[in-house]
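All chains are identified by letter, namely A, B, C and D, in their written order; residue positions are counted from 1 within each chain.
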Amino acid sequence: MERSKSDIQVGKPAIYEAAEKLSNWGRWGPDDQIGTLNFITPEDIVAASGLIRRGKTFALGLPLDEKLQSGLFGGRWNPIHTMLATGTDAVAGNQDETVGLRYADDAINLPCQCSTQWDALAHIFLDDKMYNGYDATLVDTNGAGKNGIENTVSRMVGRGVLLDVARHKGVDSLDDGYAITNADLDATAAAHGVEIRRGDFVIVRTGQQERCLAQGDWGTYAGGDAPGLAFETCYWIHEKEIAAICADTWGCEVRPNETEEANQPWHWVVIPAIGITMGEIFFLKDLAADCAADGVYEFFFCGPPLNLPGGCGSPINPQAIK
Amino acid sequence: MERSKSDIQVGKPAIYEAAEKLSNWGRWGPDDQIGTLNFITPEDIVAASGLIRRGKTFALGLPLDEKLQSGLFGGRWNPIHTMLATGTDAVAGNQDETVGLRYADDAINLPCQCSTQWDALAHIFLDDKMYNGYDATLVDTNGAGKNGIENTVSRMVGRGVLLDVARHKGVDSLDDGYAITNADLDATAAAHGVEIRRGDFVIVRTGQQERCLAQGDWGTYAGGDAPGLAFETCYWIHEKEIAAICADTWGCEVRPNETEEANQPWHWVVIPAIGITMGEIFFLKDLAADCAADGVYEFFFCGPPLNLPGGCGSPINPQAIK
Amino acid sequence: MERSKSDIQVGKPAIYEAAEKLSNWGRWGPDDQIGTLNFITPEDIVAASGLIRRGKTFALGLPLDEKLQSGLFGGRWNPIHTMLATGTDAVAGNQDETVGLRYADDAINLPCQCSTQWDALAHIFLDDKMYNGYDATLVDTNGAGKNGIENTVSRMVGRGVLLDVARHKGVDSLDDGYAITNADLDATAAAHGVEIRRGDFVIVRTGQQERCLAQGDWGTYAGGDAPGLAFETCYWIHEKEIAAICADTWGCEVRPNETEEANQPWHWVVIPAIGITMGEIFFLKDLAADCAADGVYEFFFCGPPLNLPGGCGSPINPQAIK
Amino acid sequence: MERSKSDIQVGKPAIYEAAEKLSNWGRWGPDDQIGTLNFITPEDIVAASGLIRRGKTFALGLPLDEKLQSGLFGGRWNPIHTMLATGTDAVAGNQDETVGLRYADDAINLPCQCSTQWDALAHIFLDDKMYNGYDATLVDTNGAGKNGIENTVSRMVGRGVLLDVARHKGVDSLDDGYAITNADLDATAAAHGVEIRRGDFVIVRTGQQERCLAQGDWGTYAGGDAPGLAFETCYWIHEKEIAAICADTWGCEVRPNETEEANQPWHWVVIPAIGITMGEIFFLKDLAADCAADGVYEFFFCGPPLNLPGGCGSPINPQAIK
């Protein structure tokens, strides 16, 4: 079923063709709400535990004060961290009579899609439907009536694989607009000496985020031009039967998109049709350096979302453990 | 150094005595900000991976719509989940021209201490100081200048042990006001056939939360009477050199407290003096049932906090993997 | 056109009959977005200024810490007031180097409909339409594309009239479920010696709010049973050509409603068909006492909404000036 | 007591000298919390009502979607407007069974100081004190224990005067860094033919905001360079016994400040010592054009704050009525 990039004229027809060919609707029953996470078996998790060899853990969550949302998309804002009680209150003696305990409390207000995140299967629609044929109107101001992130609370565990495409290509960062092809993915895996298996959490590194961090300026990271997966990779994802696809970019797929007929054409297919959980804005710098150093690009992966009923996504701090 | 419950007359003198005797200030250097998480070695993590035998994962995070904050403490509120884009907007055609992609987005606004959570070492002060001798005034409206949760982003991984005190005592739930003693902890571990080791994540089950869930009413769960750890357990915690202490209750320690001289007297010692990370409001029902069924009370534990710089805590969905 | 209460069998047919008979769609042109506020002329404002005789001002906004939302309706929450900078920070010296100014800042997070408020004409729909025939789908997660509160930013000024129905009836508070009839309104005005005129801000007092305040318990104020306007008053409102209708209750109209066929049947008519701006949860205690004391039930009214583009309402603190 | 600009070497000594000379502490008793608003008498309000001659109202609140906070100060954010229910939900039929009413609801989350606002007397401290000698530590994470905005809920009514300094100077906007002197204020009033009286709400127009609006870019409006009041105007304010001072800029006073020894030196004096309520970010374009057209620079002013207990400020939409 694999198709090379050159074969596909990206546009509405290609989107609908791929959505039809790659559909997993019904594959895990009419009531399924987790899609490709079903590929992960208990045996896979046990096997993945064997990848914990050095006891070294990498946190893949970007600090929640990174000001990366700069107004490009959908009214999202940067995380707002406020304090409900402070040490300065405590030392002023303001808590002694009223609380009898000196303490600090805080709160966090953030869009689920503003930093390192899972997108739930309720995040993207194809026409009037979402994954597994549920009506899109089930996602209203009360949240996602189906395909919410809460269905995955115990399912984000398994084998992780890093595909460091930038390093394989010999660059610090792929250029904005560079479309990562199926051939790129395969060549990177081969160069890393790592096999992509059914049920994997596949994490793609473009280097774009680290370029922004090095510059000290996010620029148009949130919704502007970026390197990323070519549309054709929806076929690769389907063929490989991976559990999740993640990247260090804002939206995984290449921007400008390969067509002007649709915004984020790859999204139209991979979430609603394939039902794959997507991870975005992963912080990969330290993990990638370690993998380059020891030549081991597989690891135990544990990236639990918050248990947010009806959530269309969740902020996360995924862990890669080697 | 262990002391039995009957030995201690809980009150201000006992608090200051324990804080002095059990202090870990300086133990891991003057710049340390993670306290007892230092007990966990890479070897411990590798060893803990061997506890993944069946590939079964338990999510310990309570759904973030549980209305458990009912006004008892500190102006906390229940999680507020709002939608920034919906499937109903999409189906109405409102996104087609403006976005070119049909999607749903959302946001979450919650106190870090309102549901299943880690408390950072910046959460509790003893007089004018916090763990490792840092000034409490370093925690102001800008967040925690020291001892923030961001220091632990890759450190919440290791061996987990469940001490199901309620089940060991043969009850669905311990009574409110029941103080779990050092002897209770030891007897429970012995009955479970599990050893408490240096660097463990120890999770105590009282059954109180499940009682509330069964009643369909949180009542005064958030700050009212509860079963929980006796003050003397601060000695047990210190002696065992565990990494973290967690419970299914709002505040880990018994309420009413064992003294009226201080609110949460055990907190005065364990966070500021010992420097132990505390987990609260863990959802333990399914994990406890499984442990009772297979008789195995140890597991791989992975409970990453959000990467919240200056955070005095973090909402979490910890994973217990057997 | 006036009808007495006994004439109307409240239900879907009566709703649609009233909506058709009382419709103001097109009355002020196809682009109108403020409805009955159009009744107020500059001359009315000048005339109303003559009601300022004693220089006494009454604030009609309830304190935003009143915990009146208790979960009955639509996921609204009580106002959340958080501090971004504090005097305790200042005195601790934390601002001296970084800011060079000792200050306190704060933030407020509240549903527009959680306390004393205007409802915009975008707040209620009849079938698929809102006031003046605009499609309801123009109100999406981006806000109200039409009929938003921002259209009224300079229009909430004119003659105010208090109709203290409770006092006229000789009770501290009307009973929950008491339906205020057209006859009640007319008799109250007559007893007050006040005339209802075109373009008035008419404010109805039931006493229910003061009953809650006196009890120290809001109970089911927010969405439960309440005294309030009978359905038939939609005819009275239309005939009188008033600018706005306000009350001291959560929802102006009587609850339980006069029918089980629709929730808030009066709302179905007055906002979408008549296009009247509605004010709810007004604090009337002090104003009512003053009016009773001096026998003057008319005053200059100034109740500006926040300039919230696309807002379906606004928190307010209206001023009655005598 | 008036001093000309050239007399004052702005710096810490001048600040403390002015704070001592101009202090109103105790002037209205030891329990006063509203400062110069006390200057307004009922007679002033009655007299001001006579300024309503044409029935024309100007809304001085900037739209709450103006993205003017760009990260310069104190972690403030721009207003966040979210929807709790929408017309798209309604038309999708999602409310018919559950609510029985088709409606839209919304919420607003904003710093009190992020747009058109009153600053409460609790907003600024001089050393460890605030207005009337209250300890600054009374303002903690629970809000302002004294001098909160709730004390003013019915006091923001009286005579308003516009001093259009930019127009008087013959420019669209004063230059950033231009310090408006006492002589400028007096000359502007004289040119306008308007007298400044005790108890006035004095509103100063620099034109800077309109320059930003015309440019379509706020630039460094929020905390960067700006035209504004010279330090010496604290003497003018005190001498004139005005009730409030307002401007179309972010912070009323000139920036860069006239000294590097203190940030916002004029603030150090006028709020804590004089106890004057300050209005910032007023939208003056339409009002100023009207005043220029009819030559009348006085009007009835009504600018009620939200009733926010413990608030250090309030978003507002003040009304100028001519």
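Here, contacts are C-beta pairs under 8 Å (C-beta built on N, C-alpha and C of every residue); 3 or more make two chains touch, one makes a residue touch a chain.
Given the structure is predicted, the values throughout are model-derived calculations rather than measurements.
K.L.:
Taking contact as defined at the start, I'd like the list of chains shared as neighbours by subunit B and subunit C.
P.N.:
A, D
K.L.:
Hey, what chains does subunit A share as contacts with subunit C?
P.N.:
Common contact partners of subunit A and subunit C, which must touch each of the two, are B, D.
K.L.:
Since subunit C and subunit D are copies that touch, is their contact same (over half of the numbers shared) or different (under half)?
P.N.:
Subunit C vs subunit D: same; shared/all numbers exceeds half.
K.L.:
When the contact pairs of B-C are compared by residue number, which of A-D, A-C or C-D has over half in common?
P.N.:
A-D
K.L.:
Which whole number of Å gives the spacing of the CA centres of subunit B and subunit D?
P.N.:
45
K.L.:
Suppose each chain is reduced to the average of its Cα coordinates; what separation in Å results between subunit A and subunit B?
P.N.:
Here the centre of subunit B sits 27 Å away from the centre of subunit A.
K.L.:
If you look at subunit B, which of its residues touch at least two other chains?
P.N.:
Touching at least two other chains: 75, 82-86, 88-89, 91-92, 94, 107, 109, 137, 140-142.
K.L.:
Can you list the subunit A residues touching subunit D in their complex?
P.N.:
Residues of subunit A touching subunit D: 67, 71, 77-78, 80, 83-86, 88-89, 92-94, 109, 137, 140-142.
K.L.:
With touch defined as at the start, can you tell me which subunit A residues reach subunit B in the complex?
P.N.:
Its residues touching subunit B are 41-46, 49-50, 52-59, 61-65, 74-77, 79, 81-88, 90-91, 99-113, 116, 122-128, 130, 135-144, 150, 153-155, 157, 262-264, 267-268, 300, 302, 304-313, 315-319, 321.
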